[in-house]
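The two complexes that follow have chain A in common; it is paired with chain B in the first and with chain C in the second.
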Partner chain A sequence: MLLIHCPYCDETLPEVEFTYAGEAHIARPENPSEMSDDAWQQFLFMRDNVKGDHFERWRHLHGCGRFFNAVRNTVTDKFLTTYKAGAPRPDLAALKEGQK
Partner chain B sequence: MTRFNAFSLLKNAVTGHKGWTEQWPDSQPKAEYDVVVVGAGGHGLGAAYYLAAQHGITNIAVIDKGWLGGGNTGRNTTIIRSNYLYDESARLFDHSVDLWQTLSQELNYNVMYSNRGVLMLAHTVHDVQSFKRHVHANRLNGVDNRWLTPQECKEYCPPINISKTSRYPVMGGALQERAGTARHDAVAWGYARGAAARGVDIIQNCAVTAIRRNPDGSVAGVDTEKGFIKAKKVAVSASGHNTQVMATADVRLPLESMPLQALVSEPVKPIFPCVVMSNAVHAYCSQSDKGELVIGSGTDQYVSYSQRGGLPLIEHTIAAISEVFPIFNRMRMLRKWAGITDNTPDRSPIIGKTPVKNLYVNCGWGTGGFKATPGSAHVFAWTIAKDEPHPINAPFTLDRFRTGRLIDEAAAAAVAH
Partner chain C sequence: MQEIWGGLETTSQNKFPSLKFDIGAVNDGAYMLFSAGFYYKTFMWPRSFWDKVYEPFIRAAAGLGVSPTEEDPDSYASRNLHCDVLIVGAGPSGIAAARVAAEAGLKVVLVDENAEAGGTLLSEPQAQIDGAAAWDWLAAELAALKAAGVKVMTRTTAIGYYHQNLIGLCERLTDHLPNLPADTPRERLWRVRAKQVVLAQGALEKPLVFHGNDRPGVMLAGSAQTYLNRYGVLVGQRPVVLTSHDSAWYAAFDLSDAGAKVQAIADTRGSVNEELLAGARQRGIPVKLGRTATATKGRLRVSSIRLNPVSGGKVGSGEDIACDAVLMSGGWTPSLHLFSHTKGTLAWDDDRTTFLPERTPEDCVIAGASRGLWGIEAVLNDGAEKGREVVAALGKSAGAHAYGVAQDRPGTGVSHKELPTDRSAGKAKAFVDYQNDVTAKDLRLAVREGMRSIEHVKRYTTNGMATDQGKMSNINGLNIAADALGRKQPSVGLTTFRPPYTPTSFGAFAGYHRGGHFEVTRKTQIDLWAEEHGAVFEPVGQWRRAWYFPQAGEDMEAAVSRECKATRASVGIFDASTLGKIEVVGPDAVEFMNRMYTNPWTKLAPGRCRYGLLCGDDGFIRDDGVIGRMGQDKFHVTTTTGGAARVLNMMEDYLQTEWPDLNVWLTSTTEQWSTVALNGPNAAKLLAPLVEGVELTEEAFPHMSCVECSVAGMPARLFRVSFTGEIGFEVNVPAPMGRKLWEALWEAGQEFNITAYGTETMHVLRAEKGYIIVGQDTDGTVTPYDAGMGWSVGKAKPDFVGKRGLARPDLVAEGRKQLVGLLTEDGSKLEEGAQIVFDPKQAIPMTMVGHVTSSYHSDAAGRPIALALVQGGHGRMGETVHIPMPDRTIAAKITSTIFVDPENARLKI
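Our next item is the complex of A and B:
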């Protein structure tokens, strides 16, 4: 059972309260009508599918209902951190230093 | 390599089974091959087998980072069926079911294909309508499928609870009688043996670290833990790790790798005559020849390469099994495991050419790859040999995510993959 920290509720809770919402930091296109098919393909479908430290979105569905971001290692399933939506990507090197 | 027949079995039985020779050699890589297949699962070994058996290409290496058949081929719940909604999928999966029928004879290796039937239960009015639509669509495509009443479901599979007062009452079911199960390991072994007998090198415990390209962009070969191997063509079918392998050739794929869990119970006497799937309650179940109930459901929701998966999903699966088969609710489970499945956004596979010349990919089988092993391997071998897709896999391009011609089985078919 994953334990996930909701940055809004400031509580660490079981994964069944949360739903996964895919890779994080994929920005919506600013000018959709000017996008090429290739660019749409990248935005809609292509994913990094990282084996290692993965920036991803979660939603605290059965709690506050809000989306937030997380960094989780996809090999160990261990969360490095969670942070509020809209916040910039945390520095991975600093996070890993903090884990040691 | 000894051919299996009644005489050789009898001879070895009376001589204490000391006369069997190895089924395939554990090869070391040569400097150069016509085709290098990355991934020695059923799909990769099968592709090598069909390349050698049907296309006359025998200078092939199948390379795996572990042992052959040690990934999802050895981790699935062995269900085989072809009751898919769309024409493209029905053709692909029914091609596979056709090949399953005679695979043991073709390979001279018993893959224990058992067409015991797959029954998909309907629990709501919506289920009934959508399954009947499936039955009609399947029959128009020549795919065997028929509708059963709750009573007929009970007769076909006695452990099902069809009580009207249960929480999710059975309102009927769609039965594909030609569908069934097979022995998963034997499929990998049979293809490996058949391919090796035709000169294919199977190189185990040798991870491919990168795909190397020529200055003109075409494929040059693969870098491995045992050095560089030159190859005219490279075919990737590395399941959960396709993203990583293909990224080394600068090909991005629309894949997300997720754990799919399965579990087996303690072995019991024969009680479960077919495969039953329940999409609404969300689990599927069959009984292995050893007597274990083989149980599975959907993937975990997050990207992971852990080959473990989370316990909440197992709890959910067992709850569903107890709901549909109350008779099993005191049964003890022996073990559980997970395989890493590569899932596409439309839940249909990608089989074909890539933007890189002489690089081919067979990926995105998600949670439903085992059933397709012979068909997938057969059309993939065709694609590699002729440098153009077989008519059956022509719609399953990587390019469909650019053109928008998706084969959206995930939403429309409502099948548990």
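Our next item is the complex of A and C:
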């Protein structure tokens, strides 16, 4: 069972407190009505199926209730980092360098 | 392993119909019967034979256990445990590692699946460790560990290694006790989170594969040694030892020293070290090197073994040697199961013909025989070294200690495919997997029939698929398959080990989660009243809800019919407390509601409520419910009973991540309110005298109003809403007051002949009015327009969740399935879920154009009614569709979804 760091609680806690919430950094467009069918379809349905480092959302459901972002490797199932919603994508190369 | 005690009752399972006539032992004439892929090839047809003929026979013949039919009477427990170092295996290497870690002041847990700690030391009392006899050293060492605070757990199996050093342990507490202590669980499952793990599981002995190796009396040499040295049992007076590893020589010596006349030590190797030869000479044991075994004889116990010399690949003529036991050893396989659970990589070691551990992503080291070492001194020193590694990893330091062991038995060996024979290999029954009766011939047949990967060979033959997960058979099977394929073992592959390490009872996994504790049963404050009044209940999500209230002699149909009539005739009372409730509060609450729900909310005045429809961004209906505006910045949102958590999650998602600029707070209030619904022409008359703060007139409190007031002296949120088409109220009071409110209304209702109704009557009454149930009349592909509720969509709003989705080409296309009413021509009641076709005469398979979503008998309509999703349904009013059933085809007319009071006249006070 994974241990996940909640960036809001600043605690590392068991996976059962959290729920997965899909790919991260997909912002809902400002004016959906102005979007073409293709662009809307891309936003609504198309997701990456990454083998490796995946930017994804989690929710600390049985805790503070906050949604946050994470980088998890889909092969090893290891979390590289977690960070608050709205924060920019972390620099993966720097992150990996730091873990060496 | 089951420890025995006086009075224990056991039965053998691996025999059918009895040991004296084992179907599997019918070898000569019918030996072809159970070959590889036999089940796939034979038991294919007819389907009906599976349950009654094939499966019982296969299960019986394969010796599969009998599944109990009773509920498990035992209780099971579970615990969490956190420690610095968990050591799996309390043999010499595990003990040495524990000693180092404990001396460094770490919190250490040492577990072993056996009843006693000690591992191989228990079977090798001759060893002298640092000058002390093995068992004395063991006792002193265990005492020292306990004194140092190490938690030593025996009868505890590490069953699985999960992410981030979470290890599952199953501790067996009572199976070895003749008298059960009171209140003690049978087993306890431990979830251990360890900072560092040392795997010291040792190695498992392999059988040799030769014709007749399944005869009773043929056993592993290490087992015979353990029987003798640990339990004081001599397994044979005249054993023959057959081996490819040095270790079995020592078993022969121990049995000989205990008084057995060892008839021969036969080794597959052409030469062994001089020390072993001297040991045999000294005891007068005949030695036969470069041998193969080609047969055994004996009916219920082995009586002789046939040994043949092998030289230059040629098998010479055999000699029968009389014996009463055959002790075999095909070498030792490092136990890598838990290491593999970590996704640790393995490397093939060609010299030792086995896989060895390589790298693991976890904070874990592997020590001793489980990484291929052999001999007590070697594994003790390795255990201490690995102990120092984990101590260092935790930022501590530990001194070095070199163990010296006298009378040690280091050794080497080789690993084989099936042993060569001078007889027809095709007729040999040389077992590889004893549990699943897989022979060397089966594995070769699998390869001949096209299996190339070990994963395929395994599944085709079932080799390694029994409860031991291939602990005895994997490497032998791989050696044979690799030989048959003409490839090296690592290119054929190793099957994956998965938890649990050994079969583990369901009870241990379930722990406390059984019976009433399996899942939460949510009950409302009024639940007990319903129970006292004879309600029949149904589960709705986690909730237990009153389904109907039968009176004496009534069945469900009669009860529901009575409840419906009474509600439409006078007044019915219904427990609606399970409705999901969310409080939406804040300066931006109305903007948030405008963005979330399809409906417009800006113009809804405080004190008014509105039916709200929630879509996903794909445009499909997600949930619905009446929403009251309790103030300028406060909404009382209701959701479906099952949808409350989902809706709150969706709202939080949009609020937190898409619109964090909105100043809104969301709070689940489902359990803060008890909700009682009153419906019927007399509902207002009943309620009015109890309400303070508002007059229940058409003018002061029209339909779709809400107010904070007092009801029967309790603070209340009162809604005038209707899910029945009658005059309706929903009274919300603080949850603990629910039953008091219900009883006050019940008493006041006596003069109106008030009737309690359950969820079934609620469903009938709403269907008569065409009110949908999300999830029953919709299925995640239905839009507000499909459901005939385009009126709920605020088209003028610039955006809301689902607005863009509703404009998707497929959602505005012709021919979508739309919600309509159905009335059968013959007056029969349709089945929910029944498929609908336009032309009943078309060829099968017919084109299905929709299905029945709701169907009830309706007294108010005077006939059965139904709701259905039908392709282009809104444009087909009055047309006839057909519902093919197994015995006949029913014709039904498409109608409006409203079957009672389409003018809504009955809503008026």
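Please note the rule applied: the second predicted complex is superposed on the first by the 100 of 100 C-alpha atoms of A that agree within 3 Å, B and C clash if a C-alpha of one lies under 4 Å from a C-alpha of the other, contacts with A are read in each partner's own complex, and residues count from 1 in each chain.
Here, a residue touches a chain if its C-beta (ideal position, glycine included) is under 8 Å from a C-beta of that chain, and two chains touch if they have at least 3 such contacts.
In this text the structure is predicted, and so the values were computed from the model without any measurement.
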Which of chain B and chain C A:92 touches, first, second, both or neither: neither
Which superposed partner A:65 touches (first chain B, second chain C, both, neither): second
First, second, both or neither for A:33, with chain B first and chain C second: second
Chain B versus chain C as contact partner of A:74, first or second or both or neither: first
Touching partner for A:56 - first (chain B), second (chain C), both, neither: first
Partner chain in contact with A:1 - chain B first, chain C second, else both or neither: both
Which of chain B and chain C A:9 touches, first, second, both or neither: neither
Touching partner for A:47 - first (chain B), second (chain C), both, neither: first
Contacts on chain A seen with chain B and repeated with chain C across the two complexes: 1-2, 37, 40-41, 44, 76-77
Chain A-touching residues of chain B, taken from the complex the two chains share: 241, 243-244, 252-257, 301-306, 308, 310-312, 342, 345, 401-404
Residue ranges of chain A touching chain B (in the complex, touch as defined): 1-2, 14-16, 19-20, 22-23, 37-38, 40-42, 44-51, 54, 56, 72, 74-77
Chain C residues within the chain A interface of the complex: 162-164, 166, 191, 343, 361, 617-618, 649, 652-654, 656-658, 660, 798-799, 803-805, 807-809
Complex interface listing, chain A residues touching chain C: 1-3, 21, 27-28, 31-33, 35, 37, 40-41, 44, 57, 59, 61, 65-67, 76-78, 85-86
